[in-house]
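Here chain A shows up in two complexes: once beside chain B, once beside chain C.
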Partner chain A sequence: MRGGSRIRTVRELRVSILFLAIVAVLPYFVIVPYWRGVLIVAMYFALVSAAWNLLAGYTGQFSLAPAAFAMIGGYGSGLLCYHFGISPWIGIPCGTLAATVIGLMLGRIVLRLRGPYLALTTLAFAEIVRLVISNEYEITRGDLGLSVTPLFEHQLNYYYLFLFLLVVVQIGLYYLVRSRAGLYLQAIRDDDLAASGRGVNVVLWKTVSFAVSSGICGLAGAFYVHFIRLASPELGLILQTGLVIAMVVIGGMGTLIGPLIGAFLVQLSSEALREVGLSHMLFFALTVILFGRFFRSGIWGGIDFLRDKWETRSESKEIMEAGGSE
Partner chain B sequence: MLIFDIIVTGLMMGAFYSLMAVGLSLIFGILKVVNFAHGEFFMVGAYTYTLLSLNLGIPLWLALPCSFLLGAVVGWLTERLLMRPLYDKYTTWSVMRDEYAIIVTFGLSLFLINLANQIIGPYPYRGPQLVDWSRIEIGPLMISGHRFVASLLASAMLAAIYLFVRYSRWGKEIQAVAQNRLGASISGINSTRVSSIVFSLCGGIVAFSGGLLAPLFHAYPAVGIFPALKSYVVVVIGGMGSIVGSIAGGLLLGLLESFGAVYISYAYRDTFGFIILMIVLLIRPHGLFGEKVREV
Partner chain C sequence: MSFFQIKDVTKSFGGLQAVAGVSFSLERGELVGLIGPNGSGKTTLLNLLSGYYPPESGSILIEEQPVQGLPPNSVFHRGIVRMFQQTRVFSRISVADNLLVSGYAAGLDVHESSGRAKVIMEKLELLRLADEDAGHLSGGQQKLLEFGCCFIGDPKLVLLDEPFAAIHPSMKEIIARYIVERHAQGQTFIIVSHDIPAVLELCPRSVVMNAGMVIADDPTDQVLQDENVIEAYLGEKYL
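Presenting the complex of A and B:
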């Protein structure tokens, strides 16, 4: 890592707060309910992407199950609401808890696996969950999905609710990443053997990371289900996971702000492209390949790199002007 | 003779699974990465076979090799354009090669699905059957004619791949690189060329199976997802990187599914494979026949 990872994280937090502040005033300019809805969906994806980024970008656990955990969270709340008429305000914490606990168990199980093995196991898990939900028609109403009660009447309430969640998650992730625990996670990502040699409890922190990430996915999914008023197995499709990966890779993996940039950029421009009549997914898939191939650190990585270059240049200029004294 | 019926159905499906998966396994053997665009090579084959024979009236026995060829071209391009950073020793990606491979092949998969959607459209095309007989009776068994011929072709193809890798010069080079890339390079094998060959071969095989199964699976943009998932299960059961393993794994999965569908639950027949996949990865990560995983 290039120097000053802490300064880097602070900078990322500042930019994300600025970014979210802009999002907060957007409804005053965006009046059309459709586009407000698009922004809410973007915030949902930003939450899931941020959660996946914690796992894949910071801990190096390339899971293919974020969409499945969002689905678990959504169904946790949706089932309680549909069958027992329990208020979403109780159902959503239950859904989140369910996703966290299942994430904890899966994290514990896949502890020893890495790389392609981990990816395949989580993929299998995601498919099993989705197949169970679409097959258990008596309980989950299969592919039709559960219709659930909305949280609010007004769309703007959802908007600020999701914004609030995003701010909380972003600040929470900031404190997590810059804390000792965050350093443990990154040490595990870079080399888990060396990390455990240095006294990091690899088992514990890998599991914690998996559970926290799944919990955030579940939270996002639970709220999202009440926003679209439908819990359906489509939430957990592999293509949804693909979208999340695309967002994080485009924004910048392993950075706080990357998932935010990626989610908003992909979601908004895909709507814009749809209006023009182009296949937006084609465009993003190509972008993901190109970013993966040529700019591994995503958009934020590019910005950061340019900034670093500029700073070093101005620093060295100052040193030159001061007579080159070391 | 229900049980006999189940076994034959399972083995035929198993032969298809083996054929789909063997390419994935070979790629893993060479590069130690999983190709997540595997299913889209299948789609390429299914479309080639279907569209060539339906729209251009090309005879079926010629359309199948065309599937193979186009699949090989796509595989070759994939390797040439996307897989090269994996051999560079001194880049960031050589540290995070698994992530790189997953991201790029996942992106490729999305790209090809949406490309097909854009160019050809989302509607499924039903591939023409290889033979006219709808049913064949063999003793007490009734088998669909196309399935029977297709499973024979699949078995022949599998045998050909096995012999090719085992005895031909290129095949021996593939084995050498799979065992030790550096060692193979030192003994004068062009490992980059071997990777190209493997990718083209695998693309070709999968696309061939796509053409072969087009009458069963049809051809539509997302057709590859199902075969890809089955292939992951097969290579994990059989052990990644082993040809015999993927053949055995495919047959095992086919039998398991046809028995499970009858005796356990028809609705859940697709989950059995995933459950086996998880169990195998957790208990015996190198599969039944595969190489040992060095880092656990």
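Presenting the complex of A and C:
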């Protein structure tokens, strides 16, 4: 691909901002509350996908626990609100902190694991957390879930709150990816043995990436439970993690814009296909297999490829024309 | 006390003794060839020196400070950098960023790292490829890039594993020229290579390994006349 990784990241941020600007004006055209709700859910998934992309796409750590960390964030805030009547504005940072700290600890435990071993360990962790929450009825009300207080009365407030979070996270990730820490993460992704030999503290940066990713998932989950007014173990289902992975793979893994494209595309088409029942998951599973096999760089990778091809063709044409005029 | 010392270092894999009590030392600014037949333990020794394997016994000291058992990133911070036999670059970031990773890790700021990266890219004729992803370079260009990454952070000792293998003669010339230039500035090297003419040309001294042990450690021209070395490694044409 032409232009280098840094130039591509700048381009991806510009397109992200343009994408989010379009999302910002959508409520003027989408007036049905149901579809506005769908867009809010898409933004929630975009946040979790962006967080997972930091870990898997930029650091090469394939975790199967993003939904579990969103659930931890959600329950962190939900439990404080439900049992102690604490304001969500205090509960949400507490839930985010809980997800970050637990992510830090899990990151330390799994940092020497790779590939299927890492995936299985994080999957086991995610299931343990979900089962504990499901079974500790006296504290969590089990599968019934916790009713939590809303942040706002109006749906539009949630819409712009999630949009604000998404803008902050995208810009934050942009600066992280472009910083020296971001370079270390990408070096670890490409070859962690070589990164270590070139002075990168692989243990430290893998742990940092795990903690930051978990923190963003926790933040998204903490806000989300106050939007749906319910903290439920369903937040942490492996199916949710599957959706997040599908979103990132379809949108473009290891790119800033990919998780945004993927989250909106998958969530909106999921709603459009809702009438066919759970078998719509079959459609996403097949799509992920097709992308994994034929379009590994996702939709954004395809767009980038076509753009490069177009530029190369234009340059060749200019050179030919210049040659002809001489 | 020598600048760099390897004292009675051993390493085995199962029943195979890959490095069996290797000892030698280097003075600052020396350029030493490490040669020997395949399986003689050269790369294992480099893995021990660069922190990828902990030795079972023995010690490795640079400026009298022990480095044995430290992880590779800590060994890097003690001033020992290493180029691999199988080229290892960060394929999905640019050529310039590959160099910056090493510069930042060595504690240089953005300005200093960028400046040095540019100089190295110029010297190694990689400047026009600065913004290309490293994974898109040819094998030889990747080798040049990995070689260049060794020098950005003022290393005390550079370990090069087969820097001349499987590359075009013009790139070999670029690498050899840069080694000579850095050596003239006082850089210390250990170069593992099967390219005997290059070792003879570049390295005033050579250490020869066979079956995990040092069988010769002398000026290179003498080493190449050593009967043990000829029998174990070079073959009859050198007799």
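In the analysis below, the second predicted complex is superposed on the first by the 307 of 326 C-alpha atoms of A that agree within 3 Å, B and C clash if a C-alpha of one lies under 4 Å from a C-alpha of the other, contacts with A are read in each partner's own complex, and residues count from 1 in each chain.
Simple rule for what comes next: a contact is a pair of C-beta atoms (placed from the backbone, for glycine too) under 8 Å apart; a residue touches a chain by one contact, two chains touch by 3 or more.
The structure displayed is predicted, hence computed values, not measured ones.
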item	value
Partner chain(s) touched by A:Asp143 [first = chain B, second = chain C, both, neither]	neither
Chain B versus chain C as contact partner of A:Glu311, first or second or both or neither	neither
Touched partner set for A:Ile245, first chain B, second chain C, both or neither	first
Chain B versus chain C as contact partner of A:Gly199, first or second or both or neither	second
First (chain B), second (chain C), both or neither touched by A:Ile7	second
Residues of chain A touched, compared between chain B and chain C (which is higher)	B
In the complex with chain A, residue positions of chain C that touch it	50-52, 71-73, 76-77, 81-82, 84, 88-94, 96-98, 100-102, 104-106, 110, 130-133, 136, 149, 153
Residues on chain A engaged by chain B in the complex (per definition of touch)	56, 60, 62, 64, 109-110, 112-117, 119-121, 123-125, 127-128, 131-132, 135, 238-239, 242, 245-246, 249, 253, 279, 281-282, 284-286, 288-289, 292-293, 296
Chain C contact footprint on chain A (complex, rising order)	1-7, 180, 183-184, 186-187, 189-191, 193-203, 254
Parts of chain B lying in touch with chain A, wherever the complex brings them together	28, 32-34, 36, 81-82, 85, 92-93, 96, 98-104, 106-111, 113-115, 117-118, 225, 229, 232-233, 236, 240, 267-268, 270-271, 274-275, 277-278, 281-282, 285, 293, 295-296
